[in-house]
Amino acid sequence: MEPQPTMPEQTYLDAIRSGLEEEMRRDPAVYIFGEDVALGGPFGVTKGLAETFGANRTVNTPISEATVMGLAIGTATAGLRPVIEIMFIDFITLAMDQLINHAAKLHYMSGGQLKIPLTVRVQCGISGAMGAHHSQSLESWLAHVPGLKVVMPANPADAKGLLKSAIRDDNPVVFIEHRGLYWSKGEVPANEQSVAIGKAALMREGTDLTIVALSSMVAPALAAAKELAAEGISVEVIDPRTISPLDIETIANSVKKTSRMIVTHEAVEHGGIGAEIVSRVQQEVFYYLDSPIVRVAAPFAPVPAGPTLENKFLPNQERIVAACRRAIAPS
Amino acid sequence: MFVIRHFEENLVALHDRGVFGGHYHLYVGQEATGVPALACLRADDYLFTTHRNHGHLLARGVEPKKLFAEILGRVDGLNKGKGGSFHSVAPSLGFLHSSGVVAGIIPLSTGTAYASKAQKNGRLTVCLFGDGSLEEGAAPEAFNIASLLKLPLLFLCENNGKYGTGRAVAAAQSSSMAAYPLTDLPKAYKIPAQQIDGIDAGLVHATISEAVEKIRRGEGPQFVEAQTVRYPGSATNWPTVPAPTDTALAWDVSQVPENAREWYRSADPLLVYVRELVEANQAKRDEIAALESQVKSAIAAAVDFAVNSPYPQPEEAERDYFAKSPL
Amino acid sequence: MASKKNNSKEVIALLRRMWLIRAFEEKVSALYAERQIVGLLHLGIGQEAVAVGALSLLRDDDLVYGGHRSHGHAIAKGADINKLMAEIAGRATGYCGGKGGSMHIVAKECGFITATGVVGGTIPLALGAAFAAKERKKRQLAVVFFGDGAGQSGPFHESLNIASLWQLPVIFVCENNGYAEFTPLSAHTKIERLAQHAKTYAIPADTVDGNDLFAVREVMSQAVDQCRAGKGPAFVECLTQRMRGHYEGDPAKYRELSQLAEWKKKDPIARVARVLKNQKALTDKELAAMESEAQALAEKAAAFSLSSPWPAEIEVDSQVYAAAS
Amino acid sequence: MRELAYYEAKFEALNEIMTGDERVHLINGTFLSLSPHRHVFQNLQKKFSARMFAPPISELGFCGLATGAAMAGLRPIVDLSTGSFIYEAWPQVANEAANAYSMSGGQTRVPVVFHLFHGLRGGGAAQHSGSPQAMLWNVPGLEIVIPSSPRDVKGLLKTAVASDNPTIFVDHTRLLDVRGDVPENDKPIPFGVADVKRSGSDVTVIATSYTVQVALQAAAKLAKEGIEVEIVDPRTLVPFDLATILSSVEKTHRVVIADETHQSCGVAAEIAARIAESGFDRLKSPIRRVSTLDVPVPYSPGLEAHIGPSEARIMDAVRAALA
């Protein structure tokens, strides 16, 4: 393939676009399907791809999530490597049957005869008072489904690297972007560098306590760690990056060192991915734990639209710091 | 119509001033559909609407100040700040639920109609949705059930994609709906369907009242597609106001920016209606101008009310996700 | 041009294939009654003319998608009945190693891509296959089978819309047996003919007697020619009846026996046999031989399956994810 | 005490509910899946056919219909039959029914019941053995009921219909023929009250749905080894009765969670996380989960049996907890 200019600083959104562009150039079997994708999509992630690769490889679809998901799966059974964009993760509800009953299961049910190299791009999360139909974080549904892989990049480099791995993977991978991160900037290493699915990232080293933070919560977690460092509390921050398969080893090893842990994500706490992480960790390293693992996540309520309610709803640096203090000195 | 128009124009201003952040959709350009259509209904009828719901709520008599407050996420809002623009409701007026999911309400509307039929209370359900909803499988599923059960249900499809711009082009029959005309879809289920000009207030009123009568007579569901022209201000992701509405524009659009002028000249249902009234000598220009300035100041007051309304207590975020149950 | 295809030599081969399906399914039914096979079984006995008629006109590299009642479709596309029966019996030697079962048959080697347990579930998948075929410009087709029950599901309509918009080389074959699970179609929709829906979306559609092998082939050959020529999708509705209940063990009380007696007259196999006899292409003796031949093959498939090993428990968590290729 | 089969108790409840409240409509299904006891449904049909609707195969359509009807004052009970089919209705259940009350700031109530059969049924394979309740536990606004005995199914079904919230009623085909005591005119069972199905002092086994029955058998065998297991059945996931569980843990200090949803992000994960947070100091060994292995449900009987929360796996986990 022809060389691309390296891009030291890039937004999360541009990183995803260049990831798509490089993969489409690398492999003619990569196709993009979605509402308005040929026009760039609602946030401009696919901007310019139709011009470069043609409208036949960047396909505008009707608003028919269920069928377009099935269609993409079908192209995969016939040898393409489809990337489907679902405009908001809230709308993945419309495609649940195709995703869960077909994409996730066809390889297994067929005894390995079929492969489904499908990438499902969705964006999630709270950003801009959009209310309970455009702000949800639904990743734990998908992490509950054997046969799906689920990644949630928290920075531009991971976004690009994981997207490449997702597209090259022979399994259905749900690639969950966070709308609030689209315009955040970060260093993006040279092209063709992919980030392995299923590997957590150590974002900050520490000895007293481990914070496991996902997607939009990584930044506040790092800020909390800074804040606590000033008080002499050394916090380790880990970003799992992939929630299925989960890199429990990296997390467990960290807890062996720190003996204390909190988990934070933007999704509703009940039935969230945090529950799985807590269960696994306490099972693996129970005897290392000095205090209960605390979850810092959204309350058990639909996302409210009003900005003040939204702020209350969102887990934040303040709540993370408070949880850390509780973990360090259990009352 | 003035209320809706000036409500929406003020909303754009509020958004541009950063008073609220959420995504929102304007009803500008469809006033001549919503206002006369909803005027044909009984006070106890049910209505379901979508993300483009402001005009429907206002046409049905929602206080502008309460809708402003909801969109601004204030405690005095219709939903106490929990719904926002997408999900504003007014159960006392028959709006039980507004969905932000395309076609989300179409199956729901068969439910209230089913209930009315079961309870024999003569209440009718109106399902208001855009042409894009017909691309979702939920629509044919609901058409089939409504027809099968002869439900008292009016499907009012507001197709603002007529010679539209932006997304509307992508949404025009040619590129994302093979069925043409759209009325073939309900007709396939033996649901009587007609296509009308949604800019013609008189025609809309006549058509809808006739359809409503048939439904009340127990003839089952009806489908009406009202075609309007996409408001140039809705062309992009974030709405704009090419030119603030004023009665004077009905006769002189020279002040309107070139690219939007044609819409104001020929496709703005409000200005069309104003001209009709004057030409039919049903109202004088200055009377209409006076009415408009009344509305303008009423809307201005509503804006003040909403802007000064407090935000709800943050703790509210964790309330109201369960109704109190008897046990 | 279909008539050309109907030389008696070929028709004999088709009859043989129909007998094979019938014998296979009757054997499966018997094994189920003996509890030698468990699970949810849906048999298409009486619908053989559709499967054989429709698929006899395809190329080997065409892609076929089925539903929950698809044993016959797989056999008609050339599946190995030993591997098929073994799969239904949950054995290691089955097409899917015992992981799929009756409703999830996949016989990729012969172009039967997948069945599904979800009503209408494979219709969108077939669109995808057609899209890929179109892109590859190999004039491949996708064919998807589904029952009238799928006609009331949203994805069915979304699929007709997209297939028509994008002029995809896909043939929708609706087996209208008049029953959606346990309920007559009339209780589910006011539409008598599902072909009407295709027409709404500007897809050429035909309705034929699905118990008439020749009629099915006639209409299907037009659909295949049109699709192959890149002229977009086609819809073929075959009116037929299943002799069995919705699933094995379903007492099927909701069907009057008179209907069944009526049906027996229309038995697609008997009808083809009659034609061949009148043409003097086959004698009663040869016909009987053909039947017992098929039954012998079914018996062999059963013996193969029941003597096959169960899958090893270690298999249980293999093939959840595909290894990197 | 009067003994009934689970399916009899369930239909006694349905009959009393339909008789007592004309707002109740039954939509789709027989509430029996493919069980042979169809006559009980047919009896109900004879009495209430006017309040029953057998819709087309349009899960999305008729779950939306039920939700809308509930908004308008009916109390529909939808039978999705096979649990996996709820994925087709997901937008109406998780996006509309669940959110309506909150999004409307408490104005619009949705008293609908979505009934489904989950879990391993014998040959259901990957698409007819789904257990969607763990995902639904992540959806605020839904109440989740998951009975395990004849008495519970009757008492909980009544409460579900009386509730003003959308309720997921998670049933299991393998429970239908289980027999147990059901007192005449028994009271409805309130949500959020766990039930100790067996008391013991050594290990707390938290079990749900059919797995409660499996755990009871396991407990009987373990008793012979001198291990006394306490079995706690939450009966409802939302609301969830953590207090009863914690007081059991107070006594046993050891926990095994047996449940038929897949392990990752499953029901057992959430329960384990809550105990690990609130009961950490009472635990003497790690909480162990006995869930369905993280693979699509295989068809072949041996494979299917292997992945479920079997008696043997529960017994091993209990022994491990004590080791």
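Per-chain numbering from 1; labels A, B, C and D assigned in written order.
Definition applied: a contact is a pair of C-beta atoms (placed from the backbone, for glycine too) under 8 Å apart; a residue touches a chain by one contact, two chains touch by 3 or more.
Just so we're clear, the structure is a prediction, and the values are computed from it rather than from any experiment.
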With centres defined by CA atoms only, which chain is the most remote from subunit A?
C
Looking only at C-beta pairs that count as contacts, which pair of chains has more of them, C-D or A-C?
A-C
Just how far, in Å, is the C-alpha centre of subunit B from the one of subunit A?
36
Quick one: subunit A and subunit C, Cα centre-to-centre, how many Å?
41
Can you work out the whole-Å distance between the CA centroids of subunit A and subunit D?
30
Which subunit C residues reach two or more other chains?
96, 98-100, 104, 116-118, 121, 152-155, 158, 161-162, 165, 188-189, 320
Find every residue in subunit B that makes contact with two or more other chains and list them.
77, 79, 81-83, 87, 99, 101, 104, 135-138, 141, 144, 148, 175-177, 319-321
Multi-chain contacts in subunit A: which residues touch at least two other chains?
61-62, 64, 66-67, 90, 93-94, 97, 101, 108-109, 131-133, 146-147, 299-302, 304-305
Mapping chain-to-chain touches, which pattern fits: line, ring, star, complete or other?
complete
Which residues, counting only subunit B, touch subunit D once they are in their complex?
46, 48, 77-83, 87, 89, 91, 96-97, 99, 101, 104-116, 118-119, 123, 137-138, 141-142, 144-145, 148-149, 319-327
Subunit B residues touching subunit A - in the complex, by the definition given at the top
20-23, 72-74, 77, 79, 81-87, 99-104, 132-133, 135-137, 167, 170, 175-177, 237, 311-312, 314-321
In the complex, go through subunit D and note every residue touching subunit C.
34, 54-58, 60-61, 84-85, 88, 122-128, 293-296, 298-303, 306-307
Sort out for me which residues of subunit C touch subunit A in the complex.
63, 65, 94-100, 104, 106, 108, 113-114, 116-118, 121-133, 135-136, 142, 154-155, 158-159, 161-162, 165, 318-325
Complex contacts: residues of subunit D adjacent to subunit B:
25, 51, 53, 55-56, 58, 60-74, 76, 91-92, 95-96, 99-109, 111, 140-141, 143, 159, 162-165, 188, 190-191
